[in-house]
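See the structures that follow.
Note that subunit A is present in both complexes that follow, paired respectively with subunit B and with subunit C.
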Partner chain A sequence: MSGEGSPRRRRRWTRRMPRLLLTLYGLLGFAFLYLPIVVLIIFSFNSSAVITFPLQHFTVSWYRELREDFVLLGAVRNSILVTAVTTVGATLVGTAAAFPLVRMGFRMKRTFNLFLLLPIVIPGILTGIALLILFVPVLNLTLSLNTVIAGQIVLAGPFVVLVVASRLYGFNQQLEAAAMDLGATPWRTFWHITFPLILPGVLAGALIAFTLTHLLHHRPGQHAADVHLVAGQVRRDPKAQRAGLDHRRADAWHAAHRELVAPPARRLKMRRAPRYRAPAAGVLDSLMP
Partner chain B sequence: MPRLLWGLLPLATIDVVLFLVPMVIMALFSLRFSEELLGLTGRWTVAHYIKVFTSEGIYLHILVKTIVIALIATAACLLVGYPFAYFIASTSRRWQGVLLTLVIMPFWTSYLLRVYAWTAILGDRGLINEALHFLRITDQPLSFLLFNVFSEIVVFVYLYIPYAVLAIYASLEKMDRSLVLAAMDLGATPVQAFLRVVLPQTLPGVYASIVFVFIPILGEYVTPTLVGGMSGVLITNLLVNQIHALEFGFGAAIAFVIATFVLVLLLGLRRSVDLERLYVG
Partner chain C sequence: MGAWANEFLVTETIPHTGVSRPASRNAAVELRSVTKRYGDVVALREISLTIHEGEFFSLLGPSGCGKTTTLSLIGGFIEPDAGDIVIQGRSVVGIPPYRRPVNTVFQSYALFPHMTVAANIDFGLRMRGVPEVERVRRIDEMLGLISLPDFGGRRPSQLSGGQQQRIALARALVNHPAVLLLDEPLGALDLKLRKQMRIELARIQREVKITFVYVTHDQEEAMTMSDRIAVMNQGRVIQIGTPQMIYEQPVSRFVAEFVGANVLGGTIEAVDGRAGRVRLDAGSAITAVCPDGLLPGDRVSVVIRPEQAAIAGRPGPGVNAIPGQVLKASYLGTHTQVIVRVPGGIEMTALLAAGGPSEEIPAIGEETHVVWKSDGSLILVEEGSA
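This part shows the complex of A and B:
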């Protein structure tokens, strides 16, 4: 009895074993991805000004401080501006370019495609420094939010092209032909047929442009020139600054982060426009003088 | 409808004026030597490049070190990320959606803070050391965890593994599963089936993750600055130092050496990775 039962049980066990190990591995993977975020949330409620263990006592004072920091609020305004302009600009420009790239054949199309996608794969810091050289020694411009926006659109535009293009590839053009046959003008056809159908793609493109812009703010290094340099203050050795990074500010930042970034992330899951995500980005700039 | 072609104009103009032209100017700058700060006057020279490749080998050494570290981090991303992607692909449709969202979610939080958080995990009074101390495994904090090449690679893997997972997942999804069953029916062991059926079919995903992991790491600047310490200095740190010192010519030369390396790599991978296909699917 047991001689017959146990091999079967063992077989079932050995069949499940890889599955269990894989699931366990997956859980460990997610733990790895979320550990730093959990740590940050914990420290945003910790009374100590430095982020070291053991934890002190629970507090919400960092969140309160956040609302009273005017430097920070100014940066928030800047971020909203940059993100809004970049998102709208990149979405318009990218969508317009996606149509000919998908629907038309022309000479050197492949080369042109590669050229348009190049800003995506070239590390942002190189694009940023090239832009800095153009703006400062060559054109003698004053660095400002305008130059930041210019840099962001270069990086976000190609992403919009990709997303909108993927939507256009699956587009049934007979619908447009039908509308035209029924007497619609091209303009009317566009607004009543084409636009509603590609809208998800355009929104996804806008979301990517938005996310990228918000990320770029968070990536002063990778896009050093975009943020640190093009933003107007050619800053001195960043290492020294970061060594002197004010931890209390940093924790206020954690608080900002939880308050401004996490709730929109939840909203995002509900497919609503994440309105308050960008602000947190600008907070960073005030953190890193 | 040739009118459609006009749609290309704005983006093409932006790309030419704000990407191509700056890159060409940067290349020209790297070939100029000027006595005055920010000067456009000067003479043509390859001195900056000679300095990159000689000057007691510092720049060359750091460049090679950057490439090696990026290679190690990419290999680690692939090794750790592959089973993870496999796990996601092996779940039901509904779970796949949830799990993929969970993989992408960290992107929506601050990049810099996520790097910064690692100092609270790996530091002398960080999560790991405090836990080890609490469990009485160590009396002294392990100081080799932070501010060196090790912590740098850990953070690189942490930051870029989602890209590797997504790329590998995409190719696992497209894979024809009946081939795996056929291989098993014909007597292949699971390991053989994986190596000879699954892996070759997912190579595009592996190549794609090289583009989205290895190349961005070459341009990483925040991570070495925040967690790399003295031993973790990478080429981008040297590059940004030059820019901050307003040594645009020499900085441009360093930037151009990196850009050339990236371009050669992309051209080499062009046959393996169809960039357009990656997104269009």
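This part shows the complex of A and C:
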């Protein structure tokens, strides 16, 4: 290129470099997060039963098997159901709870606040045991998906409260006064002014509730609690089914069930880490109906 | 103006009689012995006042005097503990804000951030079920009135403070309220814009002929725009009158000081007909016009308005004079403002008209005298606290 062109080009490069580096950095970040999942997807088309490199033959047989695996499909259905109901429930309860906490002054408000947010810091297993004790010997409920949902709402609700409350703290209440001044009843004020303005907070709360409900299954404590909250049903599952599983499939099962609210007794039995089971499960087993 | 004088000078505390007088025909708002408490704090003590239809009425006072409480009571955001509030001849006590024929311009404007300017103005009409054709027409009319005709599609966040202020005004006025309440609407604007908006507000009020009740702590603002002013302090109405009356005949030391007059404490030495001789706490003896019924030994306040005071190195005979030291002299174009510290540490302000007798601006630190004619000051009986 000509002599005059090169300094301009250099300048352009110095201007572009930071942007390029930033883009690269971002892409690397995404790769780090999603590459394992991509690998998993790739291997799902591999004909070999064990995960080894190089890949052998292309197959969709695992998916065919999945389609016929009613237990797993049932687990997926349960999982979706629990997550959906919990998300809606926790969002409603959490949003409703955030209003008095922010707007009203009452005695022992700080203490009340603390208690409301306690489920966030208490280990899931403790909440699980507490709920189990409440549901079974005290309230005499049958353990089912309903009790799972109730437990999940207890765990996810406080997060919704936190998010919605922070939105409400920043809310200019004079806007509500203005709406009423302009002839809006309290109800219309809520729908036309308050709700649209806190909606981002409510949606964020709902997303957190959704994510948590899904994620909490990874947490051993929560896992155990979940397992036992639905255990009533599950115990009746024929052992034969489980006996039919070979080792490889058990591994897959294990992985899949960690993600889902599977018929959980199975999940617990297949756990390789007995330390989760030892103290807590012992207590829980004694409470089983 | 003069005809109102008797009617409105006597206002301070009309004891609650329990007898409801009929609302006078042209009263837009009437407060009858209204009391409001917040816990142990009494925000308003038996306030009574009448605001006429089509009037620009200001509630003037320092922060915490109860002026905003009064406005909130009329708007319906709080309820009185005692007394009655009458709007257009109807008691509104217990009626929520959304059923009162009043609208408010809030100090922070309180424009709805998630709506366009047009939707903001439309809100009140929509809530009251005005037909759509009518709504569109009235929104356009309002945007024209506030001189922002093409702003309907914008968001409040895209507007300057002054523009937001006008939108807030339009949003309230579009409903044709019986009374428009304005809560320090110019407080957030800079001085230049504030002065512009005063003229603008007064123009709009004349145009729409709606009763304005205007809350401010800025006496200049109240003076320039209002038909009448109620000066408030510590939950009481101290004086109601035209700006001229408030300025020229303040009824108390508080009002005089609030409108910027010099106030000096003193004791009556002698009374000779209309003239009274007062020994000031600062030391000097002065003469002033004396109200009836004062006796030697009575404590009084002497009020000297800044434009009636002058500066003289050697005061001539027949004028009142207090020695002092010049603290500050500011040239303001039409006037020069001189601040003089007189004995007792009191700072007196004199406004010297440009081209007047004492044309030279005094130097800071100069020993001088504040002088005024004996009929240029007012003697007020000193009351306990107000």
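Note that in this section the second predicted complex is superposed on the first by the 150 of 289 C-alpha atoms of A that agree within 3 Å, B and C clash if a C-alpha of one lies under 4 Å from a C-alpha of the other, contacts with A are read in each partner's own complex, and residues count from 1 in each chain.
Keep this in mind: a contact is a pair of C-beta atoms (placed from the backbone, for glycine too) under 8 Å apart; a residue touches a chain by one contact, two chains touch by 3 or more.
The structure presented is a predicted model; accordingly, all values stated were derived computationally and were not measured.
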Original post:
After superposition on the shared chain, which partner residues are touched by A:182: those of subunit B (first), subunit C (second), both, or neither?
Top reply: second
Original post:
In the superposed arrangement, does A:195 touch subunit B (first), subunit C (second), both or neither?
Top reply: neither
Original post:
Of the two partner chains, subunit B (first) and subunit C (second), which one does A:113 touch, if any: first, second, both, or neither?
Top reply: first
**OP:** Answer with first, second, both or neither: which of subunit B and subunit C does A:211 touch in the superposed model?
**Re:** first
Original post:
After lining up the shared chain so the two structures overlap, which partner does A:39 touch, if you call subunit B first and subunit C second: first, second, both or neither?
Top reply: first
Original post:
Between subunit B (first) and subunit C (second), which, if any, makes contact with A:132: first, second, both or neither?
Top reply: first
Original post:
When the two structures are laid over each other on chain A, which of subunit B and subunit C touches more residues of subunit A?
Top reply: B
Subject >> Doubly contacted residues of subunit A, that is, touched by subunit B and again by subunit C >> reply: none
Subject >> Residue numbers on subunit B that touch subunit A, as the complex places them >> reply: 1-2, 4-5, 7-8, 10-12, 14-15, 18-23, 25-26, 29, 38-40, 80, 83-84, 86-88, 90, 99, 101-103, 105-114, 116-121, 123, 125-127, 130, 158, 161-162, 190, 211, 215-216, 218-223, 225-226, 236-237, 239-241, 243-244, 246, 248, 251-252, 255, 258-259, 262-263, 266, 275-276, 279-281
Original post:
Of all residues in subunit A, which touch subunit B in the complex?
Top reply: 18-19, 22-23, 25-26, 29-30, 32-37, 39-40, 43, 51-54, 92-94, 96-101, 103-104, 106, 112-119, 121-127, 129-134, 136-138, 150-151, 153-154, 157-158, 161-163, 165-166, 169, 211, 215, 218-222, 224-225, 229, 234-239, 242, 250, 253-254, 257, 261-262, 264-265, 268-269, 274, 277, 280-281, 284
Original post:
For the complex, which residues does subunit A have touching subunit C?
Top reply: 172, 174-175, 177-185, 188, 192-193, 196-197
Original post:
So in the complex, which bits of subunit C are touching subunit A?
Top reply: 75, 77, 96-99, 102-104, 106, 108, 110-114, 123-124, 127-128, 171-172, 175
